[in-house]
Amino acid sequence: MEQLCIVTTGGTIDKIYFDDKSDFQVGEPQIGRILEELGVAFRYSVIPIIRKDSLHITDEDRELIRATIAAQDARHVLVTHGTDSMVQTAQVLSTLTDRTIVLTGALNPARFRGSDAEFNIGTAVGAVQSLPPGVYIAMNGRVWHPAKVRKNVAANRFEAAD
Amino acid sequence: MEQLCIVTTGGTIDKIYFDDKSDFQVGEPQIGRILEELGVAFRYSVIPIIRKDSLHITDEDRELIRATIAAQDARHVLVTHGTDSMVQTAQVLSTLTDRTIVLTGALNPARFRGSDAEFNIGTAVGAVQSLPPGVYIAMNGRVWHPAKVRKNVAANRFEAAD
Amino acid sequence: MEQLCIVTTGGTIDKIYFDDKSDFQVGEPQIGRILEELGVAFRYSVIPIIRKDSLHITDEDRELIRATIAAQDARHVLVTHGTDSMVQTAQVLSTLTDRTIVLTGALNPARFRGSDAEFNIGTAVGAVQSLPPGVYIAMNGRVWHPAKVRKNVAANRFEAAD
Amino acid sequence: MEQLCIVTTGGTIDKIYFDDKSDFQVGEPQIGRILEELGVAFRYSVIPIIRKDSLHITDEDRELIRATIAAQDARHVLVTHGTDSMVQTAQVLSTLTDRTIVLTGALNPARFRGSDAEFNIGTAVGAVQSLPPGVYIAMNGRVWHPAKVRKNVAANRFEAAD
């Protein structure tokens, strides 16, 4: 893996508490800081393309994400994304057949104790350098084909779709 | 991946502070607790075969690890191991060619703030379900062939060997 | 200090992320869990009287908090409260002159990495057993008289009032 | 409290893992970093006088600690110290009757998840600005007179002495 291209789109993984707003919103992408503190042994670049809760990601946004990735040289791409519409974005990206793209996110913000963010980023990093070209989702420690996974909202986890 | 077989051998990843001993030793394996708290979507079993700092792992220990894995049905195996002699153990396991085996560990104990343990376990989990049969090392966010990696002790990180 | 009476009212200290609501709200009081995990050497009881962001605490709520404390035997009381109107509640409690009451809270939720919650609870615990009867606020590592402190909202910290 | 003088002597609170030594030793004092990250509202200075496990603190060391404090102008002093001989050092400091001195430490290193360090530092900070001149120990959430407390080594906690 020559260089990992990371595209960030917002989502729970990047939610932080803004005390002056008495509210909890998507903040700066966390993945760059996390990988830097870990001292990872690969080169990477971060493109913070949008910063949205994925319930609010539109088809225009998905096309923007697709076009952004298509314009990059990197053959390995990691996308951080909200969990609510991650499957839909993965399906839109499926037209990009010449690189390995793994989407991940978190069910608890990276800034929260007990967050799944670092583990999920790790799963995606392990998968993206190991898989053949295609689009995949890494959540709950599994690597999924987008057509075969869904988020079970009530259970707050990803599971195999019929 | 039907079921992940996890073999634990000790190492820094499992070191904890024993206040009554005023010392810091390998304790109970952490990986089971970590995966349970994360709510991973795969079945796994944990075989805590030895509990040693890897500077003290002997050839007999390595043969025990190999024989333990060989006796399991699982085609996917994750081994947690100290970082100092991880490469040597990986080389001994290379005779097992019919399953995917990924070794990982941590440079800072799982119980420590800022530990690389969860990220490394994630990398190994993403890799083990994505790679063809063989033996691999997952450290510092990369997936390595054991013949092509070494631990740079002074720099406290894994890097490509010549 | 025979027994510490703890009254919880909500506030940022108890805010958690509800993924199914895609929102961040006051959850269960954290202080009981925190003190239990720390193994503190004093007896305490927790009265979770209300669960509100303190911007929404009313005069009726303040009277309820006052009456609740007045009805207890304990001479030492710790109140966890949102930071936005903590000073106002402290002023209402000033009519209770026969016990030591310390209010505290947090600028970052207890569940967040880097939260000030445990430190603030510690400051309040150290103060409540050391001070003469009266009402005090413990924030940012200082113990304040309610008439002489305010929250600087822009700076997100407590400071001496003129 | 005009300014808090902090004297650090080592102990479990400052123990960190040195991977290159495959060992766990007293490292740099943690309290300055902790107070800075918390944004406390008081001025303080840190005097890192010794860096020892308190089982190895000698009478000469205790005299050095006493003389160091005696030479300072500050009327409020916080000492971080190993828990094993904290009571002995507190007794030596009891000859300093003109200032408020609180000793604290931790049963788990500050760098460890679930450490009692921040809570204990908070307890000591709340106590040191609230108590009359004298020497005190703040552990397990209580403020103790040195003559009336001991460390129960087997139970790994502080308790009232007969």
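The chains carry the letters A, B, C and D, assigned in the order they are written, with residues numbered from 1 in each.
Everything below uses one rule, namely that a residue touches a chain if its C-beta (ideal position, glycine included) is under 8 Å from a C-beta of that chain, and two chains touch if they have at least 3 such contacts.
This is a predicted model, so every value here is computed, not measured.
In summary, the interface at B-D recurs among the listed pairs C-D, A-B or A-C; the equivalent pair, sharing over half of its contacts by residue number, is A-C.
Because subunit C and subunit D carry the same sequence, their contact can be compared by residue number, and over half of the numbers here are used by both. For the pair subunit C and subunit D, the distance between C-alpha centroids works out to 26 Å. Note on chain placement: the centre of subunit B and the centre of subunit C lie 44 Å apart, centres being C-alpha means.
Between subunit A and subunit C the centroid-to-centroid distance comes to 38 Å (mean Cα coordinates, whole Å). In subunit A, the residues that reach two or more other chains under the touch definition are 114. In summary, the structure contains touching chain pairs A-B, A-C, B-D, C-D. Those residues of subunit A that touch subunit C in the complex are listed here as 12, 15, 17, 19-20, 22-24, 53, 55, 83-84, 107-109, 111-114, 153-154, 156.
Across the complex, subunit C is touched by residues 1, 34-35, 37-42, 114, 116, 118-131, 138-143, 157-159 of subunit D.
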